[in-house]
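You will see chain A twice below: alongside chain B first, and alongside chain C after that.
This part shows the complex of A and B:
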């Protein structure tokens, strides 16, 4: 039978092999499509930028350089953190348009506390300032989100309206707090959250720690795959074929070590190294010293949030209820899920994530303005949707959305690198969003 | 005739405390009385059929018992004790399980997740124990629907009969004492309908009380011991299925005419008395 099929229609049997591969490895095909899109964008920008100006990139441009990719990751982290929460909100058939404004409002509150209250009170640079303001900022974001969630769940106002109101209100509130001024500088410890160098203290963990982290990630991947296999064996469930397990483990480890190598290939600028040498008085070998950045703090935060949120979404009761409610709210309610409480919790969580992003953004800029995070809500929603979150609810993954954020940010950074006008950038990003959703629809229809 | 009625009333008395007794239940939605002073009872090991037109109030009455709606008036007794049922969790705590007409499945998650929705198994770390839930799901589905293999797919991808068996599995897996089945065979083919019939007989033998809501008179006469007919939110009457025939029951459903062998309720036509 199969032999006949092969001779009659070789193209189909070829497709069958890919389908078999995807089924064995349990890799989502649209995920693979997104990775391909990302690689095309990266290579395309590198080649294109090479035409304009020779660089050290992989294809002779200036996009695929350790420096640019390191910065790209830092720039992505703020949106990536928020998009993990947006996925769950959209999965539950809601929307949050207020995240950009919450980001703006919490960042000006954090900055005001640091510059005008705690700074003068405890002395500028006091070691408790960053942690106190960070915690208060997170609480503030969570409280705003919980307030939105309460209006939505218990008063029955549609989330679109509540958060549209929030979008306007919190932007206005941000202006009211600082009367349109720019508040700077941020606390010197707090600044490290943004990944920049504060004096001679870097907002990144350096080469050794990065390699250790990379190794730990590899170990975790292997353990997860092994553990899954043991568990399924215990209950006699069907297993993935052995080659698929090896493939997943090796790909995962290559990826983790590759990214680690990348962030370790970007070195401190010469000026900072000189200051560092002066301050520490270490001996400089004749060929000079290279100090690698390694993983930056915001990227670590984003990775941690992504991991935590994935855990929440897939391994806990909370996540299960979010997805079940998104799939069929009535069924979840009848099964005894308190969907109202769940709605409040999910918006509160979104508020906390917006506050984390507020910390990253304001720390990176070393200042806060009432315009910080403007239009972020749209980028966050766009990232989630590009990452495969269905606006009809019930469908979406955290890692997909974070990858979506990386795609969005790659487009923006690439165009900035090529000196595109900001108007052109907006037009391109908007078109890409619509196109991505169109491709997704076509894909989903095919799968059905 | 009167003697027969008396004897059935006697049987009624001798059976002790009913498993469920809903007394004088009323609920209104925006001025419309969906259920109007309805009373209904159920004994262990008994199947009570609940009949009536669309909008007669039978689904609403039963949703009050399952906790989906909160009653405006009336009392619910379980084994003689008054209970407060204010939400689906309360009902489940009393051993009341429901198979809804719409099945009430979360379409985007798999069979095991639906089976355990609202009472997930967890590991000692408090995380979901998906493997254990899948194992239990394979066991219970193996009993109900031995050909079922699609454990990893969202239930959206399943056939009508498969979805139905997931819904039934969910209701019987947690030691229900009282089972509510709202049109359990509406979406099924003849063979699957027969399976549900077998299942009802088996559960009955285990002493579970079952409310069976159905449009299908044949189903009710085949499976139910007693039947209660509702019309316009009120109970027309209650009778043993052996005491009445199809035409009499149709008369109850359509005209609200209570036959002599049935115990009339507040919704019965006065002239019939």
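This part shows the complex of A and C:
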């Protein structure tokens, strides 16, 4: 045995092509694993559904069609928005079990304001209704969250207990507001937040705007990579090899433009086009009219929230404090972080996010019921955990959690598409949750 | 002892019979409620009280406050107070059996109201729950679609009602399904009867069959809301008939707007009125078997055969929307919000 050479990282000499690739591009292997799992799930569902019924999917099924993927993204958005906050809460070594109930309560309040107060007062469909109720809803969600946070931080009640109480209290409060009735219909402008079609106004931005957005995202990726390189040079940090930079830029752009192409390939259904033709009185060319949906509003909201929260988590003092406190609360406190204030802020943020989800869900359903958002807390926590958030605190990423939400929703939508029994669905989703965490643990141990 | 009791009972019965034609007043009609926490029982109570007092009888009530033990003592108390007939909304249909036996021993007539109590001497008055399913399907065949691709959005898999409803639905649709006229293209349970879950299920259904759905059987109004939202997104709302039940205000508005075909309505007041009328008749000495519409029912968990009156619910469609408005269940403004003038008779 020769002496160990300490000048070189011993892992480098015998690492394989994949490890070298990951090191060069600095891609998180866990995220790559999740993307791979997602692709396997998607392809699997498409092939399977092809056996049952011929479709227009990539592999002859009905899963990998623009339409299904477009709907899948919309279905994921409500949970995805909430997971971004849940990640930070779990990172801070807390938990929030009340998000589903806060969602239910705020959606019922928003709907009540629209249908029973502002509607009759200002006239149904008044252009200010949607924005007023939305802002009040967000404030309400934030206030509830801040209240939970205060109980946790200043009265020292464990977050599990406070939010467990919240889970029960706000569900009851939602019932009490309208005595269990369904409030409908929502304001016609507000409805667009859900991505549905209100009359002939779609809750999506159409083909042109989507292409512009795709191009902007592509440009932003390239700029971010360029800027990153400049900064590293400035501070004398090690650089990624040039090929890796190109690879990342090209992959990012292909992804952004690919998704844009996808959402632009889903056209308005016939019934809506007929209504549009009738309302506008335009001439129908012999080949018919194809109007693309483009990015839907809830998906844009989720993307915006994800971006904002990622920025907050990784680029601001607030975010660094959150991770520092999660890693070691005592050390953070001794270092001068006001962890109590931080706790209140983080729960208030979660409340606001739950209110955003409440707007998406109720707008999408075009009504609000006290049952809205039931069990959502479980899906939100599950998505965060599948996305690599450690329940021990200190670890977790926003994009990982959002991907986790997409994985969960893909499984559920796919199995519904295949007409699986709902008992089977529950069993599969539960097993996947446990399995994902197991794989994550194994990976972490090996990395250490 | 036994014989003495029987003679006494027979004497009392004869006395009751003879007095029936002469004067039917002055009896005690008692109700043991399981809880007043749920708002609906107040509606039932008002209906029962009105009928009982109109007949000159006395209405006595006890609220068990959601406790099986309190309900037992409540009923014992009611027996001692000299009730002639006791209606019971059982909190726990098994734990209540000793009270039913005590009442039977004391010669007090029992009616299990809305909740089945499997005691052979008790009369069971309820809405016809399997009938709700039958009515949904029947209305679909008569006023919606009688053939084509059908989607079935069922309630929670843990709730036996979802299965009962489905049985009733299938009973009616079966001939057309066997003849190949109706095809079952999607069939899913919906977690917790949640509207948003029903919406997702309907979206996946529409995707899987590329919008080739001609009719949707949704098992309640809340889920129908989710189904209609999913149809709306595909521009199909209003062309695909959707069923529901409960008489939800939002659903009745959809019926008026034409996006939902029917909401099967179980009016608590109709049930209360019917049960109270039966209670009056029984207090006057009429046997349960002589009541109008009475039949045998043995569909409970233990299969005990009881006398039962199953009240048919009212399927509310555009044609009879005035029933709910005139009945004061919903205001005309709520039911007709957004309805084009002249399109629905009840809204004019």
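One rule holds in what follows: the second predicted complex is superposed on the first by the 433 of 448 C-alpha atoms of A that agree within 3 Å, B and C clash if a C-alpha of one lies under 4 Å from a C-alpha of the other, contacts with A are read in each partner's own complex, and residues count from 1 in each chain.
Heads up, the rule we're going with is that a residue touches a chain if its C-beta (ideal position, glycine included) is under 8 Å from a C-beta of that chain, and two chains touch if they have at least 3 such contacts.
In this text the structure is predicted, and so the values were computed from the model without any measurement.
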(request) Quick one: on chain A, after the overlay, do chain B and chain C clash, or do they fit? Just give me the call. (result) fit
(message) If we overlay the two complexes on their shared chain A, which of chain B and chain C does A:181 touch? Say first, second, both or neither.
(response) second
(request) Mind working out whether A:446 is in touch with chain B, chain C, both or neither, as first, second, both or neither? (result) neither
(request) Please work out whether A:328 is in contact with chain B alone, chain C alone, both, or neither, and reply first, second, both or neither. (result) first
(message) Tell me the contact category for A:369 with respect to chain B and chain C: first, second, both or neither.
(response) second
(message) Can you report the vertex angle at chain A, computed from the C-alpha centres of the three chains with chain B and chain C as the arms, to the nearest 10 degrees?
(response) 120
(request) Based on the superposed arrangement, let me know which partner A:316 touches: chain B (first), chain C (second), both, or neither? (result) first
(request) Name the chain, either chain B or chain C, that contacts more residues of chain A. (result) C
(request) Give, as a whole number of angstrom, the minimum Cα separation of chain B and chain C in the superposed three-chain arrangement. (result) 39
(request) Would you please give the residues of chain A that touch chain B in one complex and also touch chain C in the other complex? (result) none
(message) Could you list, by residue number, the parts of chain A that touch chain B in their complex?
(response) 231-232, 234-235, 237, 311, 314-317, 320, 323-328, 330-337, 394-395
(request) Can you check the complex and tell me which residues of chain A touch chain C? (result) 49, 53, 55, 62, 65, 67-68, 71, 75, 124, 179-185, 195-197, 268-275, 361, 364-367, 369, 371-375, 412-413, 416-419, 421-423
(message) So in the complex, the part of chain C that touches chain A is made up of which residues?
(response) 39, 157, 186-196, 199-201, 203-205, 207-211, 221-222, 225-226, 228-229, 232-236, 239, 248-251, 253, 337-338
(request) Would you pull the chain B residues touching chain A in the complex into a rising list? (result) 66, 68, 87-89, 92, 98, 100, 102-109, 113-114, 117-120, 122, 126-128, 131-132, 134-135, 154
